[in-house]
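Paired with chain B in one complex and with chain C in the other, chain A is shared by the two complexes that follow.
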Partner chain A sequence: MKVKMLSWNPDNYVRETKLDLQRVPRNYDPTLHPFEVPREHVRALNATKLERVFAKPFLASLDGHRDGVNCLAKHPKNLATVLSGACNGEVRIWNLTQRNCIRTIQAHEGFVRGICTRFCGNSFFTVGDDKTVKQWKMDGPGYGEEEEPLHTILGKTVYTGIDHHWKEAVFASCGQQVDIWDEQRTNPICSMTWGFDSISSVKFNPVETFLLGSCASDRNIVLYDMRQATPLKKVILDMRTNTICWNPMEAFSFTAANEDYNLYTFDMRALDTPVMVHMDHVSAVLDVDYSPTGKEFVSASFDKSIRIFPVDKSQSREVYHTKRMQHVIRVKWTSNSKYIMCGSDEMNIRLWKANASEKLGVLTSREKAAKDYNQKLKEKFQHYPHIKRIARHRHLPKSIYSQIQEQRIMKEARRRKEVNHIKHSKPGSVPIVSEKKKHIVAVVK
Partner chain B sequence: MRGTMMERESIKSFWKQSVPLMERIGSGEKLVLADLLEPVKTSSSLATVKKQLNRVKSKKTVELPLNKEEIERIHREVAFNKTAKVLSKWDPVVLKNRQAEQLVFPLEKEEPAIAPIEHVLSGWKARTPLEQEIFNLLHKNKQPVADPLLTPVEKASLQAMSLEEAKMRRAELQRARALQSYYEAKARREKKIKSKKYHKVVKKGKAKKALKEFEQLRKVNPAAALEELEKIEKARMMERMSLKHQNSGKWAKSKAIMAKYDLEARQAMQEQLAKNKELTQKLQVASESEEEEGGTEEKVEELLVPDVVNEVQMNADGPNPWMLRSCTSDTKEAATQEDPEQLPEPEAHEVSESEGEDRPVAEEEILLREFEERRSLRKRSELSQDAEPAGSQETKDSSSQEVLSELRVLSQKLKENDQSRKQKASSEGTIPQVQREEPATEEEEPLLLQRPERVQTLEELEELGKEECFQNKELPRPVLEGQQSERTPNNRPDAPKEKKKKEQMIDLQNLLTTQSPSVKSLAVPTIEELEDEEERNQRQMIKEAFAGDDVIRDFLKEKREAVEASKPKDVDLTLPGWGEWGGVGLKPSAKKRRRFLIKAPEGPPRKDKNLPNVIINEKRNIHTAAHQVRVLPYPFTHHWQFERTIQTPIGSTWNTQRAFQKLTTPKVVTKPGHIINPIKAEDVGYRSSSRSDLSVIQRNPKRITTRHKKQLKKSSVD
Partner chain C sequence: METAPKPGSDVPPKKDKLQTKRKKPREWKNPESQRSLSGAQDPFPGPAPVPVEVVQKFCRIDKSRKLPRSKAKTRSRLEVAEAEEEETSIKAARSELLLAEEPGFLEGEDGEDTAKICQADIVEAVDIASAAKHFDLNLRQFGPYRLNYSRTGRHLAFGGRRGHVAALDWVTKKLMCEINVMEAVRDIRFLHSEALLAVAQNRWLHIYDNQGIELHCIRRCDRVTRLEFLPFHFLLATASETGFLTYLDVSVGKIVAALNARAGRLDVMSQNPYNAVIHLGHSNGTVSLWSPAMKEPLAKILCHRGGVRAVAVDSTGTYMATSGLDHQLKIFDLRGTYQPLSTRTLPHGAGHLAFSQRGLLVAGMGDVVNIWAGQGKASPPSLEQPYLTHRLSGPVHGLQFCPFEDVLGVGHSGGITSMLVPGAGEPNFDGLESNPYRSRKQRQEWEVKALLEKVPAELICLDPRALAEVDVISLEQGKKERIERLGYDPEAKAPFQPKPKQKGRSSTASLVKRKRKVMDEEHRDKVRQSLQQQQQQQKEAKAKSTGARPSALDRFVR
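Right, the complex of A and B next:
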């Protein structure tokens, strides 16, 4: 008779050094690990709850301006540097890592209307209410030098905005018309108009760099082609568009921040229907900026909050607000897509995390794996009602909350009226207009 | 000139005539066009003018130029279309990025940019007094400031190489390079020539040349020639040793498989073998090689011929029918492939065999006398053996043993018969079945022995099949009809025996039909079926046309099922093997089962009991409903898709490490501390436009609109 012995081979359970991980023999037999769906559901629920627990997006407030922050710009080569212009003509350059101001320039008299950096990061341009365009060096003046602009261009009219080309020494300004400037000249090399109203902002397309978009106060968005020196198309919306922002990963799509509380994402080849209408704000949307990944954008609103929207969703995924933050005028997404900055009326620039519950700093591999797993679980179970409720819950200031309720009631009433109108009129006589088309007045060729 | 003179003349005359007209104008009378034309009509000299006028009249007026806005609009439209076209090249990229499982930012693969120290230094100047002092010191000692690698002395020494020397060396190198390139070009050109003939000629030329050299060498230097000869011999030996041109290589094997079907492959094979022979041939002796050649060829042939063919040959070796039988049983699949008609019948034989097992023993005497009959039976038994070799073998053994012994006696006769048949068959020559066999076997002579027998068994089987379904004699068998008519003369001697067989078969058939109706499901279609065909088709069509009309019955069925499913189930707590024997095929006793069966209480009556058209689902639990997903989420099109995604776990508890990592890859990955730039054409493999936007716009003529120019002018005046 053969006796079977238990044999323990130390190779299978002994660590080579003390620093090795313990060997854990695993058996993946599904019968040994039952209830996989309920267990994962619970894990997803916990992950969602933890996400809300750890959601502390506010990082820092940069104070120092003595008037409302009117414009913001990112440094193209340096993540830590941010430029801001205020309503008193002051321009400040900030260091985000140290969270302090490293330079202050009295750039203009009156408002600083626009600020933009050169693609190389060596200089930046400002326009102000004093009808001037000024180019400044990014580095401070040297030992014993005076703070002076590199160039100053005196214009005929007030410039309301400026943007720099992404690759070449060309910048565009807007005011009564859109001017394209060569950096070396004092006269615009090309100027384009369409209509007579003042243009509030102009933006270069970051991908196809010869394209520009502008929005004017006569409720329209105009697209220009710099190479052919001609406007391309104009779309007229219900209300005024404050700014537009191009998607940095998709050459043809841009998002417009509108006064009617909505944002509209357009495909520039089909302007008659926006690809998506983003509606969550309860007051005019003042600014919009894309995440450098092109998957999301952030919008700043007059309702004292900023919201983050996925490009393909009409509802925002996040809303940021603080007690002291007033009307947010400018917002920027940093170029590593981690942070969001916003400049508001009450003279502060605030720094937020783009992902509210994200842990900052370097993660260990296990932390990273856990994070990824939790993220996937949240995604997997996001449609379950309890999880959805927790994930969507946000605390809002009373003003916004009541505004939302009011808006909802108004919208519902409007919808009911529309339905009733259709119901009580001759079939086919009242056209059913989709929400997307409702806000487009006309497209002018 | 003349024309103008003429015109002047005519105008003069015109004015002369129109003097009274002028007077009229002066007097204030009204003037009509006709008055003016009067003199024109009269004067013939104005014909040319008239013609010109007519010509002008016939021509259309030039259209008004479009107004400025229109023109601008057209410009805009053209520009827009152009831009849209440029943008549409991004469509695939955008789509890909939107659907990507994972995107890693930044997109561009950046190489570490380490600026050389000179560049860093060039942008920097000494400003403070201390810095300036240090730099002064450095300059004094001629230490390198900008380029730290080379001092001026070193630089000078580098430049010291004499000019002439350098020139010569360069020329030398150039020549060598040129020569090499010439040779290379030539070789490449020759290699590129595709003509086989050319290469053959070249090869032959080379061979001839070698031979000539060899001859010369023999004359001049016999020792060297001997060495050369040895070399050739050695090459031959190597060739013999190697498997290079044998048929064991991959190519050769593949060709050997193909050789059966493909003439070209066979030829290629033969060519290779010829090559091998040629290479391994001894140079001197011719007489001995004949034997060897034959031997090798045989061997080669053996290797060359695929296994199937060999097998058939082996079959053909023994004319013994017993051997034959075993062989054919081995190659049963091949046989069944040959005639699909045979396929369904073994089953029938199985059944009939099990029934008529005793019969052969009982009717031995008759069978002994009529060996033809026996043979058919033998074939049948053989077939049934094929069909169920394991099960029926033992039971059959006792009976078949005797039969076999007797048959052995008869085998001699049988063989003779076979031979006579064979002759007949060979005289007829082409029977489709035979044709279907491999061409290789056709060539083999001994195989013919086997062939007619096969054919005959087939015929008999067909007949059997016919008798089995004797009710329908007019069975249409388009494939075999011709063959039968051909073969009837062959089967003449069998004709009387057919009846007997039939008799035997009839009662068999009766038994079959009474016992197992499943026989009807033979693949051979019966007449009834054929008659029904049309009707059924009709019915099918109607059914198809009104496919959706059976809703009521479906619904009732569904409801019945729902009711059944919702009924409380009895609980059986019997433990098999508890207190009694258990095992495979044993069931717990009825008493026990009755004792341990817990009957479920009758539930409350269903809500839809009296509602024939409604199914009310009573299973829905409101407590769980709060946790369930109400609406199918967006990307899913069916609930089972969603359920499946939920049911597959992604955690490391259920998945291996690798799978877990793969399942939890995040959609967007960003490198910390890296700037993500907008997508560029180069990132996705497109060519970005070579001309810069600035240069394009500067070349553009209509740079500044007129309005703006005016403004500029005004401002400059101010």
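Right, the complex of A and C next:
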């Protein structure tokens, strides 16, 4: 007879010395790992709960300004530097790692309306209520020198915004019209305008660098081509847009922060329907900034919160608020896509984590593996009701919470009336307009 | 941008670049292009072949299931997931190459019957380490013994009818504890690790440490005849003489459910390791399946003409073996039809049944144990010829195969016998699940992780993968509600809008003509579909009518 018994050599299964790692043989046969789905479900539930436990996004508050923060700008090369302009004309340069202010300049009399850095990082421009555009050096004045701008341009009208080209020595300012300036000249190389109202902000496209977008008070968003020095097309919305931001990864896509509490993501090629309407704020949206990954953006609103939205979803994934933070005027996403800075009108700039439960610093390989596994589990089970409920839960201040309830009731009432209108009229006589198209008035080429 | 912007309002921007790319099957490089400098060619071009059954083992998506029609985005995501699953199952099948051990076997030469080979011959023929696994403990004083191996297979606990309870590491023969509980012991079970023992004593259920210290006396579980531990739910199921099936959660110490089986005294119980369902055998020949979430049994299977005396379920949850007072031993198919696959009449009724990890079935009939084996791991054991037999010194009272070893433990009235059964144990264990060679630290880490991922008792049902299925009912319900709320169906196909064209092709007449074309096409499709449905119905009616001969009982067919 031929017989063989199963026998293990302990040398293959037990470690030799205390200093060795333990041996862990693996067999992935599903019969040895029963209850895969329920166990993964429980692990996903635990991962979601722990994510909420470790969600502590607030990092620091930079105070020093003596009036509300009106504009923010990032340094293009240095992650730790941020510039801010206040409503009393003061411009401060902050170091984020040391969380202190490294330089203060009394730049303008009146508001600092806009601030932007040059693409090389050596200088920055500011515009103010005193109708001037000033260019300053990024490094401070040397010993014994006075704080003087490199260059001052006097204009005839108030300038309300400024943005610098991403590659060339050209910048654009807006006020009564959009002016394109060459850095060496004191007169704009061209002025573009379409309509008769003032323009509140202007932004250059980071990918297709000759494109510009601007928002005007007559509720339109105009796109310009710098090479042809003409406006390209405009879209008229229901209410005024405060700012736009171009998607750094997709050349044709931009998001507009509107007064009707929504944000609209447009595809430049087809402006008559927004790609997505992002509805979650309960008051006017004042600023929007994209993450360098191009997949998410952050919005600042007059209700005292900032929200992070994914580009392809209409609901926010995260909301940050503090008792001390009042109306948030400006928000920026840092260039390493990890932090968010917001400037509010109570004179503070706050630094937040973009992923609230992320552990900062260097992670060991085991930590990374556990984090990736938990991330994948949360993604896989995100639609299950128990898990969705926990993942979506956020504490909101009473003002925002009650506003949300009220606005939901109003929206429901409006929708019920529309449904009844459609039901009780001749079928086909009342057109069904999708939510996306409702807010666009016209597109003009 | 030099190109003109795309026209048309219904052209969505290309977002495919942001979404996951659709995974195309990997195209292997042309072998001719991989010639090395010497001009030699790979004699086995392409990827190494993988056996199909092994790949099937790792496939988890049931492709035959029909899902309701979903949006294009969801459909593309499902396709990507299916392609990924195929790739990963091939990779997992390849990783089987790394498994170091081979299962045991016993073959007779020249048509020799393996059933005639006795244990002494096997002990002589194998190596010393394996021979040491065969031992007899002569314990005649304290009554017939019942035994239980821990989940890793290293530790053995046994309890005699007259109160003798002991736990030991049977490989090194190191005794952990030995006590006499001064009461009749009806059943004994290890809890999740070798640190805790549950003993069903005459009156109540007691929990002991592996040092013999009594930790708990659970008075709500009285007159317990049988115990079963569900390891992934941390539930101890007890069947009592009063007819109650009680589930006790040992991690929090609460009784999760006390179900009245309404079938009198319960003394035949087994668990299905695949879905944690408890099988109870009754004296009217039925086996009922229980879950703590439901007050009624999940299913009742009529198995035998007399009472059911033993039930066992294999580790994959595919086969159930039952034996009854009618001297029959039957194997049922548990996945799909609950029909008997094979039957065998035994000279003496089998009072105890057990399955091994590799699908061997053992039956204890009086003082003889018979073991039947199947062709491979996946097939049921063939009951024609026994694989091995053994006679013990007393009637059998407890049977269990040791996990991960080729050993069968038998508790009888003369003590404990450990028998060698080549080919019974799973040769390759997974170090993170049950590791017989784990250290104390590894056991502690494993225990913490197991407690964290303890499955709640409400999730026990006949199909453990039910949680991963698409909830079709809720989906349809949600769709209906949305249509009601919005007043129209957002997913309904929008009525055809002819695209505006230049050069006079957009005049009213041509627009009407284009609309008409599309409408006629849709109408033709509808008519074709309805014709097909009618033909199918006619076929089915014909098949039904020409099938069975009309009988008097047809009037009762609904």
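In the analysis below, the second predicted complex is superposed on the first by the 426 of 445 C-alpha atoms of A that agree within 3 Å, B and C clash if a C-alpha of one lies under 4 Å from a C-alpha of the other, contacts with A are read in each partner's own complex, and residues count from 1 in each chain.
Simple rule for what comes next: contacts are C-beta pairs under 8 Å (C-beta built on N, C-alpha and C of every residue); 3 or more make two chains touch, one makes a residue touch a chain.
A quick note: this is a predicted structure, and the numbers were derived from the prediction, not measured.
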Which of chain B and chain C A:Val37 touches, first, second, both or neither: both
First (chain B), second (chain C), both or neither touched by A:Gly64: neither
Which superposed partner A:Asp272 touches (first chain B, second chain C, both, neither): second
Which of chain B and chain C A:Lys295 touches, first, second, both or neither: both
Contacts of A:Phe252 with chain B and chain C, given as first, second, both or neither: both
When both partners are placed on the shared chain, which of chain B and chain C touches more of chain A: B
Contacts of A:Ser337 with chain B and chain C, given as first, second, both or neither: first
Which superposed partner A:Thr230 touches (first chain B, second chain C, both, neither): first
A:Pro206 touches, of chain B and chain C: first, second, both or neither? first
Which superposed partner A:Asn46 touches (first chain B, second chain C, both, neither): second
Set intersection of chain A contacts, chain C complex versus chain B complex: 28, 30, 33, 36-37, 39, 43, 208, 250-252, 268-269, 295
Chain A residues touching chain B - in the complex, by the definition given at the top: 28, 30, 33, 36-37, 39-40, 43, 76-77, 79, 142-143, 156, 165-170, 177, 180, 182, 187-193, 206-211, 225-233, 248-252, 268-269, 292-295, 335-338, 362, 369, 372-373, 375-377, 380-381, 383-386, 445
For the chain B and chain A complex, residues of the former touching the latter: 72-73, 75-77, 79-80, 82-84, 86-88, 90, 94, 97, 103, 105, 127-128, 626-630, 633, 645-647, 649-656, 660-661, 663-666, 668, 670-680, 692-694, 696-698, 700, 702-705, 707-708, 711-712, 715
Interfacial residue positions of chain C with respect to chain A in the complex: 1, 5-6, 8-9, 11-13, 15, 18, 57-58, 60, 92, 95, 99-109, 112, 114, 117, 121-122, 125-127, 129-130, 133, 232, 273-274, 276, 315-316, 404-406, 420, 422-423, 425-433, 435-437, 439, 441-442, 452-456, 459, 464-468, 485-488
Contacting residues of chain A [partner chain C, same complex]: 1-8, 10, 12-14, 22-39, 41-43, 46, 208, 250-253, 267-270, 272-273, 275, 295, 311-312, 415, 418-419, 422-423, 432
